[in-house]
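Same chain, two partners: chain A is paired with chain B first, then with chain C.
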Partner chain A sequence: MIVKICVGSSCHLKGSYDIIEAMKKIIAEHGAENKVELRASFCLGNCKNGVTLTADKPDERMLHNVSPDNVREVFEREILPYLE
Partner chain B sequence: MRIFDTHVQELKYQVLKAVIKNAYENCYDDVYLDVPKEISPGPKAQHRCCIYKERAILQERIKLAFGGNKDNKNIVEVIDIACDECPIGGMFVTDSCRGCLQHRCREACPRDAIKIIDKKAFIDKEKCIECGKCVNACPYSAIIHQRRPCVTSCKVKAISVDENKKAVINNDKCIACGACVYQCPFGAIQDKSLIMEVIDILKGSKDNTAYKVYAVIAPAIVSQFKYARIEQVVSGIHKLGFYQVVEAALGADITLYKELAEWQEKGLMTTSCCPSFVSYIEKYYPELQKYISHSVSPMVEAAMLIKRTDPTAKVIFIGPCASKKLECKLEKTENAIDSVLSFEELQAFLDARDIDVAGLGDTHLDNASFYGRIFAKSGGVTTGIKDAAAAKGVEGLVPIAMNGIDECKINLLKLKAGKALENFFEGMACDGGCLNGPLCLSHGPKNVQDVDKYGNSAKEKTIDNSVKLYEMSRNNL
Partner chain C sequence: MTEYYLESGYTSLNKKNEELCGDKVESIYQDGKMTFVLADGMGSGVKANILATLTSKILCTMVSNEIDMTDCIETILGSLPVCKERGVAYSTFTVVHVDTFGKGCLIEFDNPQAILMRDGKCLDLPRTESKILGKTVYNTELNLRENDVIVMFSDGVIHAGIGMNLNFGWDREEVKEHLECIISPTMSARCVACELATACNQLYHNLPGDDTTVAALKLRKNMRADLMVGLPVNKESDSVCVANFLSHDGKKIVCGGTSSQIVARYLGTEVSASLDFPDPRVPPIGFINGIDLVTEGVLTLRRLLELSEAYLSPKDLTPKYFTAKDGASELAQILLEDATIIDFYIGQGVNEAHNGLPIDITMKLKLVESIAHNLKKLGKHVTLHYV
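And then the complex of A and B:
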């Protein structure tokens, strides 16, 4: 699965780099390095909805308002179940 | 209100604006006939001998706005009919010569080229070497040095004068720095515009649905649009149809990181950010070529980063530089940059589309670090690499910032002779760096302050996050 994290100016200010770091750690904890490909993306056009992520499985979708506090929850709810 | 340094810039702007307007609105029956008439309406000529000549020259400017002579690989071209055939008399004794008794001029001349005829100084052109000693010696400032501004501005001596007294650029010698473009008082040397290419790319994107168009902006932009905030200019660029605006400074952060690593390997290196400086070494110091950094320029680095995250993206660089228009077509840049606009062209583009930048809201730019942003001024790379080295505990780096081709020349000669004390050579062809680029709207001392202020406003105080972004995008490959 490809997960993209927005690093556009707005998300950048809201801490996308912290989320990238946190996400990397969580993926490693689950031993899922080979199943999730973490990418950066320039603006996804959702600046008003907090830091935005996209995931391409089970279908292409956006996850909004991701923060260092909820990143683990988002991963376990939205990404982990769909890993192959 | 638009403020240009010179009237030549304004003429160029008027032509560009009309041509761009026409590309969107089809407002002229025949651009080549109607636009010159609009700009030079007559019946009196404004600055040439007659309106017909003015209009003929404007037609040549329109040609350049459409991309100029495709057979000429250079990005700067001479407009023959605009060249006013400035005198090339060399040392010239004016009427101010009072026929004094001291004859300081004659005493100062190292070649015995000055005679006194009818009490007045006379210079023997055969003997004169144009050293200028007599000019300084005369207490009445009666002797002047008549040189062509284009020839004086060209530090690599690529401009000569042909049998018709017209300026000619030798492409084998020219490094496309664009100094002559800004210096020619008659606007007879001009850069070719890629604006039509840019408009085609923007139109073809179908409002960023077919593919997305990104603008990479040079950090010198903060010193340019004095009537608006940089955040408003970014909003304006969006309104032109660009999907995203990315700072070239982000690429500069990555370039810094790579150049430091490369320097650790090589031990001696010259920078690769300024394409005219790179070209200068290639053409004039081929034996030093091996020292040129293999890291791509910040412009290309930023574009490559964009294309790794969005492979169908098109990237347009917006900057102060003529030679970037050549660099983007070079093989080593791997088509990362699809086209280039100058600040002058950006201004014309905004106005042609009736976008009032000063009335727009703000769009923030916050990706790049302080160091990336101060790349625009001479010494910026040096400051950045020093601090990056200190942060990584790298020792032994002795950088020097070479400001303008004259300083580059002195230091490269030292390097060639094995007498250089430094081992990291930052070179910029323009005096003062990019913020004095030939295609800047304004060239002033205050520009340095603007760039520093912009650098200091960076949220990122180190290059770390830019590098992280770079490494992440690499992993995608």
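And then the complex of A and C:
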């Protein structure tokens, strides 16, 4: 699965950097490095609902309002179940 | 004959506990000629500062107007206030007056002898002595080549370390050796001056015993950079604007997420963003095939403004070359160090992505204009195109 994290101006201010670092750690904890490909993206056009992530499985979708506080929860709810 | 760009820069260290520097650098660029003066006033503090300011200003104005050296020196002698204690009026100086083809002259009075750096080697200039109004003045005819740097300095440089690490100060031959070690051919004049002044400051253990100034003048090739930031007001003019932006040779830079999408679309490719954060304060850079540098907008530019302020300050000793890999440092290396001709394409359109967010278009414009202002102060040819 490809997960993109928005690093546009607005999302950067809302904590993209911390989310990327946290996400790398959580992926490692689950030993899922080969199943999730983490990428950055410039502005995804959803600044109001940032930080915005996209995931391409089970279908292309956006995950909104991700923060350093809820990143683990989002991963376990929205990403982990769809890993092959 | 090739026409070059004349780049100048200097760094000054104040004598410890002094508010004012007794060395002064002045420059004027007019009619394709640069006049660059370094004056060192007698004593230190206010008195020295006044002497140096008067001397540099008078010389710079007169020499740039091609007035004979005898008249210049006469004017200075007649204008400088006489020191009550010492009964003399005195300021040393070095003047360079050179055109964009590298031809001109160098005149020295009582400052340490200037150094010419050519192909990584330090050379002495073949100067001839003459007497003007009883003063010994040295004159050198200049015929500079591409990437030649003239390094001028006040006696604070050769006195560096006296009574500390070095008994008799920093020997001129050792200064030359040091320059040959630290200066690379890609460094700007500003960078060269800062590197040498930093070495002096270290020899002084951060407490200079004398005002210390290094001024450098470099003859170099012009290098162009075009920078696009923000969206055009009319969506229909997107492609015209991008075509314009891409129409020149030189480095291409795009700042901002939405702007980079417009450019990528025009080029029939996509933007990808890097996941690396070399500096957590600055969002990651991106990549577009065919564009030299792609960065985020406002936050990166704000950091660039900070870097440009430090770069401009003659007292700032942070190195003037940028090796960090964050977007702002990469921008700084291209715009502050490398480029000499810079065109900004500033879109004033409102970014829908920023609706309701504290990212204001006026703030962004202000930011770009402040950066452009600083680049102009550095002597670069800057043009702003509003689209």
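As a convention for this text, the second predicted complex is superposed on the first by the 84 of 84 C-alpha atoms of A that agree within 3 Å, B and C clash if a C-alpha of one lies under 4 Å from a C-alpha of the other, contacts with A are read in each partner's own complex, and residues count from 1 in each chain.
Methods note: a contact is a pair of C-beta atoms (placed from the backbone, for glycine too) under 8 Å apart; a residue touches a chain by one contact, two chains touch by 3 or more.
Since the structure is predicted, the reported quantities are computational estimates derived from the model, not experimental observations.
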First (chain B), second (chain C), both or neither touched by A:Y17: both
Touched partner set for A:G8, first chain B, second chain C, both or neither: both
Which of chain B and chain C A:T52 touches, first, second, both or neither: neither
Overlap of the chain B and chain C footprints on chain A, listed as residue numbers: 7-10, 12-13, 17, 20, 38-43
Chain A residues within the chain C interface of the complex: 7-10, 12-13, 16-17, 20, 38-43, 45-48
Residues on chain B engaged by chain A in the complex (per definition of touch): 214, 243-244, 246, 306, 309-310, 363-367, 459, 465, 468-469, 472-473, 475-476
Residues of chain A defined as touching chain B within the complex: 4, 7-10, 12-13, 17, 20, 37-43
Of chain C, residues touching chain A in the complex: 257-258, 260-261, 271-275, 277, 280, 283-284, 286, 296-299, 352-357, 359
